[in-house]
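A, B and C are the chain letters, set down in written order, and residue numbers restart from 1 in every chain.
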C-alpha cells in the first residue's frame, strides 16, 4: 500500500536525520571532552594562569565565571521574575503589552557584541565602573533578561487556570495566589528557564571582553572584605572568565601550551555546564516536591 | 463621618438589631463598637495586590528603560555616520567599497549585508529539516527518557562558547570544505555549517514546543480515520504547527545573524562581494568584532562600525516583525 | 523560595550596585588599556610590581591600540598602550599625550610550510601583498596560488607592515584576521598562505618564517635596523602622569624588567636600540 510505504520512508528519513544530529552532538561534545579531559588536573584547576610561561592554570577564571554567573542571576532573576509575572498575570491584552513583548524579543535577538560594546560605553566609560565584574554582570543582565523573562512567562502560563481559580475561591488575593500557588507549580519550568539562560551566560565571551575585561588582577582568596581591591569578592575588580580565557589564549596568548590550555578549559566549561544542567534539574524537582506535595510524573 | 460611612454604620446596626442569637465578645470586639475606619480601609489582600502589581510593573518598566536606552545609544552612534560624517545612506547600503579610513566616499556595506543574509538564510535552510526531524522524534516517535536525554544534550550545545565553535570550525570544517569544494576553505559555506550547529538547539526546542501545543485529540481523530503516523504528522501536526515552526526558524535566523566570534574565524573576513560559497567574505558582525578595537572613538571608521551595529539592530526588529506577522496570520 | 524575600532582594539589588560604585574605587588604581600585543608584558610586570608594592592596584586590559589611545585621550584610563604612533591616528591629538616607548617588537612574514620559499626580496614581498605576484612559482616556489592573509585594517602590525614594506600603499583586498594566534593557525593549516605576525608568536615549527633580502628575522638584527620590520610598543599618558603611574612606568623601563622580562616574552629592550625611528618612519642613529 502506498501510504504504508510512505510512512516507512518518512520514518526512515526522520530517524536518519536524528541519527546525523546525534552523531554531530556526540562528535562535537566528544571532541571537546576527549581533547581536553586528559589535561585536566588538580594543578590546572587550582593554580593561577600564566602570561607567557607554560603550566598555568585557570583557578581565577573558574571562580570568576561562577561568581559572574551568580551575580548576573541575582540581578536579572528578580527583574525577569517580576516582568514575567506581570506579563502573564496582570497585563491586559492591548497595544502597550504588545509593544513591551516586541521590545523584549528585540532585546533577545540583539547580537552579544552590540550588548558588549554598549555595556563598555555605558557602564565602563560613562558610569566609571571601569573593567569590572559588576560591569560584566550588568552587560550580561541585558543579554540574559529577555530569554529569562520569556522562559519564566511560558512556565507561569503553563500552570492550569483551575489552580488559580482554586486560590481565588479560598479568598486569596491575586498576588497571594500567584505567590502561593502559581509560582510553586511553575517552579520546574522556571528552573529550566534559568538553566538554559545560565548556559548561555556561562559560555558568553563577546559581551564580556569589553566589560568584565580580559585579564584579572591579583586576587586574594582569604580576603573576605568585599571592598578591598584584592578581595576575591570585590565586584569592582576586572575579571576574566573561562570563555574569555579561551578566546584570549587562542588569539593573543603567547604561552607555549596554548592548545593544551584551550582544550582543557573548553572541556572544563562543558563539564560545568553538564553539572549545572543536571544539578539544577534535580533541584527543580526536589523543590517542586517540597512546595506542592505533588510528584512529577 | 462621610455619607458612605454613615450608610455603612446604618447597615451594620440594622443587621445586629435583626439578629436573634446573643453575641459573644471576641477579643474585645463588640458588635456594637464598629471600627468604620478599619472596615473601609483596603484589606490586607488589596494591599498585597497593589504591592505585587506595582513591583512587577516596576520590573517591566525597568526592562523598557533598558531597551530604550540601548536602542537610543546604538542609534545615536550609528546615525552619526550619516549626519556628522555626511555619508550617503544609499551609498552605505548599496556600495561594496568598504574602507572608512579613506573618507566618507568609501563607506559601503553592501558586501557585508549580502553575506550576512546569505549565511543566515543558508544556515536556517539546512537546520530546519534537522530540527523538525529531531522535534518529531522527541514528540511523536519517542518520549520520556530518550527524548529527555536528547533534549539535555542539545541544551549543552547552547552552553558551548562560540569561540570553541570557531576553533572547531577552523580545525575541522575549514580543511573539510577545502578538500571537498576547493578554494581556501574559508567562506560562506564554512560559516553556514558552523552556524547550522549553533542555531540547531534554538530552532529544535521551539519546534518541540510547537508540536507539543498541537492538541492530542487532533492526532487521535486522524488515527481513528485510519491515517498512518506519517499521514497524521504531515497532514495534521505539521499543518497545525506551521506558524510556530516559522517563528522558531526566524528566531534561529536572528541568532545566526548576530553571531560574531565563531563566524569571524571561519568566514575569512574579506570585505568582498561573495561570488561563490567558498570565497572569503565578511559579515556585519565579523567586521564589527575585528575592527572595533582598532578604531578611535568618534572618528568616521568607528562611527561606520556603529552603523553596522545599528543595521543589526534594525534587522532584529525586522525579524521580530516577521514573527508577529506570521503569528497574526495563523 | 519565599516570594517576599525575593521582592526585597530586588530592591536591595537595584541599590547595592550604585552604592558599590561609590566605594569601590581605590586611589592607587592604575588602569592600562590598549594594545593586545603589549598586554602579556605589562600584565606580568604589573603582577611583579604588585608583589613589591602591595598597595598598588594595576589593571591591564587589551582592546586594541585604537581603544587604548582614545581612552587615554578621554581620560578614562591612566595609560593607553599602542603599537602605533599617536601621530598616525586621526582623531587623536598627540600633543596632549606623553609617549613612553617601552619595548621593540619585530614583525616577520610567515608562510605555510608547503610553499617552498624561505626568502623573499622586499620588492617581491610588496608585489605579493599588492596582488602583483599571485603564484609561488613566480618567486621560486611550488606551483601554488598565493593566498594573502592581511591583518585587520588599522591594527598596529598592519600599519607598520604597510608603511615599511609597501611604502604606504594599500594591500590587496583579501582575507583579514585580527589576532596573531588566529593568523598562525590559519597559515599553519592552509596551503599557499602568507601573512605576518609578531616575533614572539613566530617560534613555531609548523610555519615558515620568511627572511627578507637574506636577513634573518631574529632579535639580534633589529637594533642596527638590519631587520627593518619592527615597531615600538608605546605607553601613552595624558599630559604628565600622576605619581603612582610615573612610578610604574619607571619600573617598566627599569633594568629589571627590560633585561629579564622583555626578552623572556620575545620582545627587545628599548635600551638596546642603536637607532630610533619617528612617526614618519625616518630612522636616525642614536648618539649622532
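The rule is simple: a residue touches a chain if its C-beta (ideal position, glycine included) is under 8 Å from a C-beta of that chain, and two chains touch if they have at least 3 such contacts.
Quick caveat: nothing in here was measured; it's all calculated off a predicted structure.
Greatest centre-to-centre distance from chain C is found for B, with centres as Cα means.
Innermost chain of the displayed assembly, by C-alpha centre distance to the whole-protein C-alpha centre, is A.
Centroids of chain A and chain B (each the mean of its C-alpha atoms) stand 15 Å apart. Distance between chain B and chain C, defined via averaged C-alpha coordinates, is recorded as 37 Å. Averaged C-alpha coordinates give centres for chain A and chain C that are 33 Å from one another. Within chain B, residues 51, 55, 59, 167, 289, 292 each touch two or more of the remaining chains.
For chain A, residues touching at least two other chains, in rising order: 78-79, 81-82, 179, 210, 250. Residues of chain C in contact with two or more other chains: 7, 10, 36, 62-63, 74, 178, 182, 185. Residue ranges on chain C touching chain A, taken from their complex, read 1, 3, 6-7, 9-10, 13, 17, 20-21, 23-26, 29, 31, 33, 36-37, 39-41, 43-44, 46-47, 50, 57-63, 71, 74, 76, 178-182, 185, 200-201, 264-266.
Within the complex formed with chain B, the chain C residues making contact are 7, 10, 36, 62-67, 69-70, 74, 89-92, 147, 152-155, 170, 173-178, 182, 185-186, 189-190, 193. Of all residues in chain B, those touching chain A in their complex are 45-46, 48-49, 51-53, 55-60, 62-64, 66-67, 69-71, 73-74, 129-130, 133-134, 136-137, 141, 150, 152-164, 167-168, 172, 197, 200, 209, 227-231, 233-234, 251, 254-255, 257-261, 285, 288-289, 292, 309, 312-313, 316-317, 319-320, 323-324. Taken in their complex, chain A has these residues touching chain B: 3-4, 6-7, 9-11, 13-15, 17-18, 20-22, 24-25, 28-29, 31-32, 78-83, 85-87, 89-91, 100, 102-107, 109-115, 117-118, 121-122, 142, 145-146, 149, 154, 171-176, 178-179, 195-196, 199-200, 202-206, 210, 242-243, 246-247, 250, 262, 266, 269-270, 273-274, 276-278, 281. Contact residues on chain A toward chain C in their complex (touch as defined above): 51-52, 74-75, 78-79, 81-82, 124-125, 127-132, 134, 138, 179, 183, 187, 209-210, 213-215, 217-218, 226-227, 229-230, 234-238, 248-254, 258, 287, 291.
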